[in-house]
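In the two assemblies presented below, chain A is common to both, partnered first by chain B and then by chain C.
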Partner chain A sequence: MLYTQYTTKIVALAIFGLALLYYILLRSPDHTFFNMGEDGPLFLQTAKHLVTGAPSPGSPLFHITNAVWMRMFSFGTEYGTVAILSAVYSAITAGLLYLITRNILAPLLWISSAIVLSQSTILELYTLMTLMMVLGYYAYIKDKRVLAYFILGLGVAVHHICGLGFVALIVTDFINKRSLKPALAFFLVIPLFIYIPLTNRPPYYMIGGNLPVDYIKYFFQTAAGLAGGLPLWPADNIYGRLWDLVRVTGGGLGLSLVLVYLTVKNNWKEHLPTLLMGLLPLMYYITTSDSKSYFTTLPTIAFLAILATKYDWRSLKIVCSIICSGLIIMNIFLYDFGRAIDKDQSAVQFYNQLEELPPGSVLETCWCISNSIYVNMTYLHNLENEDDIYIVDTEFFRMFGGRGLDGKLTSKDIWVDRIENAEKEGKLFRVKAESFLEGNIVPASSKEVLDKYVNSDFYKDSIGEYNNGISS
Partner chain B sequence: MELARNFLVLLSIPLWILFAWLAKPLVTGVEGLTTWTETTISSKNALFFFNIIAVGMLGGFIASRYRNRKPIYITIQALTLVAVLIVGYVTSQINTIWLT
Partner chain C sequence: MTKIISIPLIALGAILWIVLSYISQPLIIGEEVFHRWNQGTSTSYLVGVFTFKLLFTLVVIGAIGGFFASKFKHNNAIRTLIHLSSTIMVMLYIYAIYTIYD
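Our next item is the complex of A and B:
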């Protein structure tokens, strides 16, 4: 017995080491537009300058961890130093999956999945989010329910998707008629959110000010693309969403879905928490998020991988493990930063162009999804250089404030003046990009910028009335 | 039967590899912008929390069917569910924008 436990831990540790090596070899050394890493520059700001992050919902645990790590270690660039944590979290998850299942298939499915790899090689929070869910699940199956709920609470301090893990556990406890008191431990995390008001200070990039209404706007502000994929909205997108579903689950789990099906068919009640923790994020992705938010399905890969190991069909497990090994080799050829993708380091080039702009410039980012990467990089540049490049983007109309170092630009008229004056002084620029995987900064005219926003039908119909109310 | 099952399983191996291959544009973000001309904006947190509440309410609605005085329970649950969905819809500020 002692020998078995010892061996299991050694194997888990070996899986952790090999997975970490694999991620480190493929990781992005610096800023990147690839793999949906649009929040990377924002996370670097929070790690370095302890400012407020994105409202999902604030991610205090993630920011604090990054800040501590960054002050302790250095691996090449600042971005690379913090991004390596994604690889570490993902590798720990792989080791943990082995500890839970004692089967090599679960970690292999996790490591071979391209969507997992994509988030393990850049600066993002989704691998930590999944780790917290898997840790919470591990505590739950060890019958440490208070600890499980507490860990999931900590997970919400990384990303709100962990709240779905809370739902999964509480539904299981309710159905099994167990006490729900341990679930209160979930709420012990609330004091950690004091991080948000503590770090909310001028220039108020994320929260428009320090009033209660600003915090409400912060948590309930709108973002592009979300609900964009709702199959019924627009109705003709249902085929696109089904195609996303096939690639995420079919490409990530493939043949092992047969094992998952057989496991659930055998005894669904026994595997209910695992199933819910896997399926709820997938449902969230399909019904609420847009296709590029595929990273919300990382827990789906982890928990369905656990289920795949529970059915006793040895030969199929071996076949799946062999294919996973092949996919890992395929991933090395498809997703290696610097060789297979992002050869030109277009994001780094964009950042270098920012440094050439005159102080007080106005930069209009493209009217597009994922333009937040340009916004986040510009804010990072402002913080690093104590510069003041003003951003005009789609969020300009939704948040309409907190732009520029003074943090007082809340009126439309101030912005119109600033844009027109910038043109006269030769300080008005825009991002020229065919896709958000590139970004060239070129001079712009005030007419094209204002026509795109203030004079557009979208602004007049949807935002103008709202912002006029704010201004008055 | 078992032979047929195993045969089907073997046939699906190339499909797994194909789907993994076809996931690359989604994973790297290459297809993210190039084909979209419109998108929807909304409040992520509002949608998330109201989704959870709606799931809970749906459970309550189903549970209410197995109680005494069914019509009262079902009516209350159904009305609350409708109220939750309406409040969720309003606060999520769903709006379509065109990328020009």
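Our next item is the complex of A and C:
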């Protein structure tokens, strides 16, 4: 018995080590436009300067952990130092999946998934989010329910998806007629959110000020189908999203879905918490704002991988394990930063171009998906260099009033003047991008910028009303 | 007999798995979504999504609220809260559908 427990822990540790090595070898050494890591520059700001992060919902635990880590260790670039934590969290999750299932298939499914790999090699919070869910689940199946709810509460201090784990456990407890009092431990995390008002200070990039109304806007203002980071409607069509769904689940879990189906068919009630923790994030993705949010399905991979090991079909498990090993090799050729993807380090080039702009420049970022990475990088540049490059961007114009360092540029007139003066002084630029994976800064004319934003119907319909509300 | 049928099916499934994983790359690295960003969203999809979210929220409110209502003495007050929150959800739903068709 002792030998078995000892062996299990050694194997889990070996899986952690190998997974970590795999992620570190493939990781992005510096800023990148790839793998939808649009929040990377923002997370570097929060880690380095302890400013407020994105409203989903504030992620205090993630930011504090990054800040502490960054002050203790150094691995190449600042970005690379913090990004390595994604690899560590993902590798711990792999080891934990083995501890839970005592079957090599679960960690193999996790490690071989390209979606998991994509988020383990960049600066993002989704591997920590999944780790918190798996840890909470682990405590729950060990019958430490207070701890389980508490961990999921901590998970919400990383990302609100962990709240779906809370729903999964509370529904399970409800159906099994167990006391719901342990669920109160979920709310013990609330004091951690004091991080948000503590770090909210000028120039108020994320929150427009320090009044209660500013916090309400931060959490609930609707932009691009989001309210406080929660998606309200999808900017896509059903066929595209279903195709995404097939690729996310089929490409990530493949044949093991047969095992999942058989497990659930055998005894769904026994596996209800696992099933809900896997399926709720998937439902979230299907109804979410855009198809790039595939990273919200990381818990789906983890929990359905656990379910796949529960059905006794040894030969299929062996086949799945072999395919997973093949996929790991294939992923090395598809996702290796610097060799397979992001050879030119386009995001680093973009950041270097920012450093060449004259102080007080106005930069129009293209109206395209994930342009927030341009905005986040510019804000990072401003913080690092005490510079003030003003962003003109439809989405951020509406959400944050297109503020520079003074935090006051919310009036249309101020913007028109600033854009026109910038052109006269040769300080007006725009981002030219043929795809999301690049971003070149080129000179712009005030007419094209004003026509695109201030004089556009979009501005009149939404931004105009917003600014009128502020000025009144 | 089962083995004879399952072996080709498993082989097919294995090939599909690898192919799907391979063709997911443009979605995952972000190349694909850039071009899909400006696509319109179909009305029926939006209505479907909102309906799903409404039903899901009502089920969660009903399950949690119903449990508490059965446990505490002041269950009428809790029931009123459930009805109130459910009504708000339905009103939000109607408003959302209105904005879609407006």
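Convention: the second predicted complex is superposed on the first by the 453 of 472 C-alpha atoms of A that agree within 3 Å, B and C clash if a C-alpha of one lies under 4 Å from a C-alpha of the other, contacts with A are read in each partner's own complex, and residues count from 1 in each chain.
Definition applied: a contact is a pair of C-beta atoms (placed from the backbone, for glycine too) under 8 Å apart; a residue touches a chain by one contact, two chains touch by 3 or more.
Just so we're clear, the structure is a prediction, and the values are computed from it rather than from any experiment.
Engineer: Mind checking the superposed model to see whether chain B and chain C fit together on chain A or clash?
Structural biologist: Overlaying the two structures gives a clash between chain B and chain C.
Engineer: Once chain A of both complexes is superposed, is A:K452 in touch with chain B (first), chain C (second), both, or neither?
Structural biologist: After superposing on A, A:K452 lies in contact with chain B but is clear of chain C.
Engineer: Counting only touches as set out at the top, which of chain B and chain C does A:S90 meet: first, second, both, neither?
Structural biologist: Neither partner.
Engineer: With both complexes superposed on chain A, which partner does A:S321 reach: first (chain B), second (chain C), both or neither?
Structural biologist: neither
Engineer: In the superposed arrangement, does A:G254 touch chain B (first), chain C (second), both or neither?
Structural biologist: In the superposition, A:G254 contacts both chain B and chain C.
Engineer: In the superposed arrangement, does A:L180 touch chain B (first), chain C (second), both or neither?
Structural biologist: The second partner, chain C, only.
Engineer: Contacts for A:T199 in the overlay, against chain B (first) and chain C (second): which applies, first, second, both or neither?
Structural biologist: It touches nothing on chain B or chain C.
Engineer: Quick one: classify A:H160 as touching chain B (first), chain C (second), both or neither.
Structural biologist: A:H160: touches chain B, not chain C.
Engineer: Per the contact definition in the header, classify A:S56: touching chain B only (first), chain C only (second), both, or neither.
Structural biologist: In the superposition, A:S56 contacts chain B only.
Engineer: Examine A:T121 and indicate which partner it touches, taking first as chain B and second as chain C; both and neither are also allowed.
Structural biologist: A:T121 contacts neither chain B nor chain C.
Engineer: By the touch definition above, which chain A residues appear in both interfaces, chain B in one complex and chain C in the other?
Structural biologist: Chain A residues touching both partners: 33-36, 114-115, 118, 167, 171, 233-234, 244, 246-248, 250-252, 254-255, 258, 287, 290-292, 294, 316, 319, 323, 326-327, 330, 334-335, 341, 368-370, 435-437.
Engineer: Considering only the defined contacts, which chain A positions touch chain C in the complex?
Structural biologist: 33-36, 114-115, 118, 167, 170-171, 174, 180, 232-238, 240-241, 244, 246-248, 250-252, 254-255, 258, 283, 287, 290-292, 294, 316, 319, 323, 326-327, 330, 334-335, 341, 368-370, 435-437
Engineer: For a test of understanding, state which residues of chain B touch chain A in their complex under the given definition.
Structural biologist: For chain B paired with chain A, touching residues are 9-10, 12-13, 15-17, 19-24, 26-34, 36, 38-48, 51-52, 55-56, 59, 91-100.
Engineer: Taking the touch rule as given, give the residues of chain C at its contact with chain A in the complex, in rising order.
Structural biologist: Result: residues 10, 13-14, 16-18, 20-25, 27-37, 39-42, 44-46, 48-50, 52-53, 56, 60, 63-64, 67-68, 96 of chain C touch chain A.
Engineer: For chain A, which residues are in contact with chain B within the complex?
Structural biologist: Against chain B, chain A makes touches at 33-36, 55-57, 114-115, 117-118, 160, 163-164, 167, 171, 219-228, 230, 233-234, 244, 246-248, 250-252, 254-255, 258, 284, 287-288, 290-292, 294, 316, 319, 323, 326-327, 330, 334-335, 341, 367-370, 394, 398, 434-437, 452, 458, 462.
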